[in-house]
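First subunit A sits with subunit B, and in the next complex the same chain sits with subunit C.
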Partner chain A sequence: MSTAPVRRWLASPAFRALLALAFVVAIGCAFNADGAFFRWSTHRDMLRQVSVYGILGCGMTLVIISGGIDLSVGSVVGLCAVVFARQTLHEGEPALAALAMVAAAGTAIGLVSGALVARFRVQAFVATLAMMVFARGLAKWISGGQKISQAIQHPDGTFSYVDLPPVFQRVDHRILGGNLSVVTLIFLGCVAVSWLVLEKLRYGRYLYATGGNEEAARLSGVPVARAKLLAYGLSGLFAAVAGVCQAAQEQQGDPEAGSTYELTAIAIAVIGGNTLSGGRGGIGLTLLGALTIGYLEKVLSINAVGESSRLMLTGAIIVAAVLLQRRKAG
Partner chain B sequence: MPERLLALRDIGKRFGAVRVLDGVSLDLGAGEVHILAGENGAGKTTLIKILAGIHTDYEGAIELGGRPVRFATPHEANRAGISVIHQELSLIGPMSVLDNIHLGRERTRPGGLWLDRRGQAERALALCRQINLELSAEDLARPVEQFPLSVKNLVEIAKALAFDARILVMDEPTSALSRAEVDRLFALVGALRRRGCGIIYITHKMEEIYRVADRITVLRDGRRIGTAAAADCPEPKLIQWMIGREGSLQATAGPEAPGPGPAVLELRGFSVPHPLPGRPPAVSDFSVSVRAGEIVGIAGLQGSGAAELFQGLFGARGAVCTGSVRIAGRPFRPESPARSVAVGLCHLTADRKGSGLVSAMSVAHNVTLASLPRASPWGVLRPGLERRSAAAQAEALSIRLASLDQDVGTLSGGNQQKVVLAKWLETRPRILLLEEPTRGVDIGAKSEIYGLMRRWTAGGMAILLISTELPELLLLCDRILALHRGRVTAEFARAEATPEGILAAAMGSAERPGEACA
Partner chain C sequence: MHKEVPAVLLLLGALALPAAAAGPKHGAKWVVGMSQCNLGEPWRVQMNADIRRAAEAHPELEVVYKDAQNDTLRQRSQIEEFIDADVDLLIVSPKEAAPLTPPVAAAYRRSIPVIVLDRKVLGDAYTQFIGADNQRIGRAAGEWAVGRLLALPQVRAGGRARIVELTGLMTSTPGQDRLAGFHAALRGQPVDIIFTADTQWLEPRAREEMESALAVNPRIDLVYAHNDPAAHGAYLAAKAAEREKDIVFVGIDGLPQEGQVYVRQGLLAASFEYPTGGREAIDSALRILRGEAVPRQLTLHSRVFTPANVAAGGEWLP
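Presenting the complex of A and B:
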């Protein structure tokens, strides 16, 4: 009897996600690049680099649990980076107003995706693919196809420069004696919000029920459409947050920012053990998935593995992790 | 005796510990229409699936044209000349009629690589002519999903003929057809019979049996009860065979209802449209009044409209129904499950896996799913509150489980059903619409569920019960309505209800006087 909980834990997705993470960390210990892997600054930088992906992974997890997928988040990062840079650098708006505007823009994109999926029954893949293309176009239109930076080009061809507003530094900053990046804290904040929604709120349960068996949920009186709207809306909001972080790290608004980030976000959720068919998973798994991806990239980069090999290895490891996660039917 | 096409010898089959077929033998001659009859769960579908190569693990032997065969896949059975036309057609909607007809047996040009499209089209046209299906070459290229069900049915038969099938199995082929379409199908059955095909035909409809049958075999509880020529097997004898002696089912002792109270559910002229456009309504002009503490049964065989009645009343398909509904005296308009649950109306569906449970969630979360607004004030879940109510329901319904946190999919059928029942009871309903509440449930859990139903009605609940198991209706119900083709054909008080009478009315028998069957 006493072994049953242990055995259940060993069979759980959380354990297997930990196993995948431990495997990558073990590789890091073995190939530590003359001790570089054992320095805290390596881990700190890994956390900083994975944070934007991780923030997107949080929203992706909510959507995946509800039985959908959100391909638009990478483009929303680009859109929000551009809007944020434009409002703060060129328009000189106060940071809070710009943040509010960006949050509204990201959420609105998410809600449109959600409405297409929930009310008009467009397949999630198609609806969010369309929003991905649309948001990227919007980002380019707003920015005129140019990166929005401190250098402002005037009609006569001359440049003037503006100071970087303090909000950029505040976001791309280290605290605790330089040992932790603010973006990492923001990522952990998004994890916390997602955890609250999924574990503590009624609508979190509705997300699981919708993804698990939409028909049974609907017939039980669950507001399936509103649950989906919430998932896509939050995914858009998180993508906006990621866009601000991206802009702060690059000190500019690049309309191309965030392309293919949606794929990394999906990889993070899936490597953690969230099932793409919906109804199962949790934000803890996504956190583990983000760390796994982060360490994988870091280990490969400190060992100076070339980009081509890095991509191929990453692909192989995603497949390995997913095969490891496969649960028996039933 | 004409040439014998097929012989099944002592076929047996078990699923785990449950024996579903036991020593069933059946033979089929050329040009014969052989009716396979029996109540739901008698083993007809299992037998057919063995013949079709879907179940490969069985006892006994199959002889085809005198030679023993054993099919490992459905495709092998097809190639041997056996085609099964299932209730859910096996056509692929977006593909053309032509491609569907040849699916799995595509004709190729010499060399075997390129499709012989012209040859296929010619053959398909010839096949359609044979079965009087008037389709032009352009029609053949259209997706099969654009055609009405009756045409799809015929396309399925054309597909069977493309395999040179000599043995056709039709599993309730008319359940969704209109009168004229049924006539057309029967003309085709006659033509196939003249060509020397053997047909095994499963149906619940009395008039169909006597219209097409040469011989009839009746199964009950996985055994063959008898085989007889149709002329030697009049309706009363057939019904006697299907029902047998009274089952030994009993409800565990429960308090008797203190006598019915006020009417809680009143329907007047309630009609539910058919889910497919352009068909007669699934339920027409249905009226009933159910009082607190009462169990009213609805006896209906497949296609009777009973399931659609519950869906319509529960608002599962939105506000599509007409007629008047009153719940506890107040007018009510079915429009959504959420609204119905709010006024105390719950619907246990027959498809537990598809529309009852969320199998990926735990027992506790399934139990509270329909009553979460109460269990989570201000939208915040209260795990303690939730666990307490789930535990209380598990206790009250004696759900056997290792932990409230285990996946509900790991429970046995009976316990899963109790979890769905617990989910509805958590909403504190006044009226329960129960559809096949004991389907796929073992005998022990069955009588427990009967006992629970008694207890709930004693507590003032009203229950409408759909069951295709007559002993269940007879045991539990205060009144029984027989439904056939969407209309009530008879009403029985508890004292006057007999299995024979109910079955005859549910099958639309013409022998009962004074009943119109539309």
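Presenting the complex of A and C:
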């Protein structure tokens, strides 16, 4: 009887990612905060909390597979939250027009990063770091440094209040009898779109080829520059979607929103098993990584772990989860 | 007293009476959830410390503390976790009013009594709000500032005084109220607010904003900061520019280890106390858990500390 396929699967990144996830879930079962971990509401809320990071993780996966990195996604979340809030709350625009504008803004930022990396051969780290700073500044400029909320301040210092447009409630909403958040659905939709790009489109294979060996890909006729532009453009678009979800949940556009979110997005992609050097991985691994990070955060939260302990434990558990993966692969 | 009641009667009691008047929902102790928006502000660390000290005197209370690290969505998740854990009572100091009103209302509608501390939520889906009157404090600060500024030689000669206002987070009610009260006291007086900035209650940000104010304005008479850390940050910025002697600094909070120390050291000309309400929250919590009615609004009184009266324990505001 052939055990080779089984052994192959046991050595695969997917199994290793599942192992990390199982490890965190086991910690949750052991420290279940009086049974809180066994109630569906805890899992539903964990999914809602991790969704914005997960959406960013989808874009990050595409970029990482292509051999790059996108540090600007957190700032784009802030920028798009601000633009979305401004257009709907202050300018009174209909939701679809505001969404289109936000999507265009995010994609544009992504394409600029992509152009810097692909055409001008700037290192991805540097190009997207600069874009991160620029986008944050742009967000603060558009918002005047203030959060854009239902309270509109007039020049004389008084406030008037507008109602929240229905699109906010439609995004920040639960379906299926209150058992699933809409933002979780949006996250899963982004996972599906990423899967289509990576597995079903030609450009998906181009991304893998570019990340695996860029010179060889270029020599084989792969349109490397266009593939990279696609990856960064999509990363910007996903960041725009995440920005809308963030604004809807906060009921405001905060120019500081999304600060350090890019680190969590990278952690999600990498814990899932996508290699930072590129060329390998997939969106399924990112989904597992998102669940791992989500559960880790949730378990610490339901146990009311204080900030200092939480930070140290998060670092330690991430290292443990990654080491667990490596031992099994060896 | 409820510990002497047999379990069966307790169960019948729980079915017959509102949940708050029966026994604890889980185990022998009342579980109180405390959702704090951040522990980066010393005033909030003091609030938690006051709650902890008051709760220690009552072993039948178990307080679970969660810190949202100044993240609105995290605070929302933590309130939802308290609802899910079905705590006996929730104390919450929300970061912002609008986004946190729905989860607080959800707890209230699930028959979890809610005490809101310091920053309000919108509407009235809570059991009690405890806080000092920020508008009154702002107005007192404004009146004190006007009195001080009118005595300045340049103002007595017919000029106008120049004030820098460093506000707290303007999406939170204390920030809005401290601004409104202060401005009300300034109306009709020969004073101008030449620079305003939102420090989000944080000292490093206040310092940066004050540096900008100093760079742009050659003469500043008074700095009104919405909290003592911001006033301290402004003082440090002025000191770095060697202009601290020409400026009067006013803050709010008046904590013994912070604002009052600054007043004693001569950094602040005045600090207006803003009591944390931690002790009062535990007192109210015990009354609510025993089934007593509590007033919807509990307004705390405060004092002003100046170098002249800080040793004597400040002066109560009218």
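Basically, the second predicted complex is superposed on the first by the 320 of 330 C-alpha atoms of A that agree within 3 Å, B and C clash if a C-alpha of one lies under 4 Å from a C-alpha of the other, contacts with A are read in each partner's own complex, and residues count from 1 in each chain.
Assume a contact is a pair of C-beta atoms (placed from the backbone, for glycine too) under 8 Å apart; a residue touches a chain by one contact, two chains touch by 3 or more.
Bear in mind the structure is a predicted one, so any value in this text is a computation, not a measurement.
Undergrad: Putting subunit B and subunit C onto subunit A via the overlay, clash or fit?
TA: Fit.
Undergrad: Applying the document's definition of touch, where does A:88 land relative to subunit B and subunit C: first, second, both, or neither?
TA: neither
Undergrad: Using only C-alpha centres after the superposition, what angle do subunit B and subunit C make about subunit A, to the nearest 10 degrees?
TA: In the superposed arrangement it comes to 140 degrees.
Undergrad: Applying the touch criterion given at the start, work out whether A:51 contacts subunit B, subunit C, both or neither, answering first, second, both or neither.
TA: neither
Undergrad: With the two complexes superposed on chain A, say which partner A:204 touches: subunit B (first), subunit C (second), both, or neither.
TA: first
Undergrad: Figure out whether A:217 sits in contact with subunit B (first) or subunit C (second), or with both, or with neither.
TA: So A:217 only meets subunit B here.
Undergrad: If we overlay the two complexes on their shared chain A, which of subunit B and subunit C does A:75 touch? Say first, second, both or neither.
TA: neither
Undergrad: Considering only the touch criterion stated at the top, classify A:279 as touching first (subunit B), second (subunit C), both, or neither.
TA: First partner only, subunit B.
Undergrad: With the two structures placed on a shared chain A, what shortest C-alpha distance in Å links subunit B and subunit C?
TA: Nearest C-alpha atoms of the two chains are 37 Å apart.
Undergrad: Please report the subunit A residues shared by its interface with subunit B and its interface with subunit C.
TA: Subunit A residues touching both partners: none found.
Undergrad: Along subunit A, where are the residues that touch subunit C in the complex?
TA: Answer in residue numbers: 33-34, 36, 39, 41-42, 45, 48-49, 145-147, 149-151, 157, 159, 246, 249-252, 301-302, 304, 306-307.
Undergrad: Which bits of subunit C are touching subunit A when the two form their complex?
TA: Going through subunit C, the ones touching subunit A are 26, 39, 64-67, 69, 72-74, 76-78, 80-81, 84-85, 96, 98-99, 170-171, 176, 179, 183, 198.
Undergrad: In their complex, what parts of subunit B are in touch with subunit A?
TA: Its residues touching subunit A are 314, 316, 336-338, 340-342, 347, 349, 354-361, 365, 369-370, 372-373, 376, 379-381, 402, 409-410, 423, 427.
Undergrad: Considering the complex alone, what residue numbers of subunit A touch subunit B?
TA: 4, 199-206, 208-209, 211-213, 215-223, 279-280, 330
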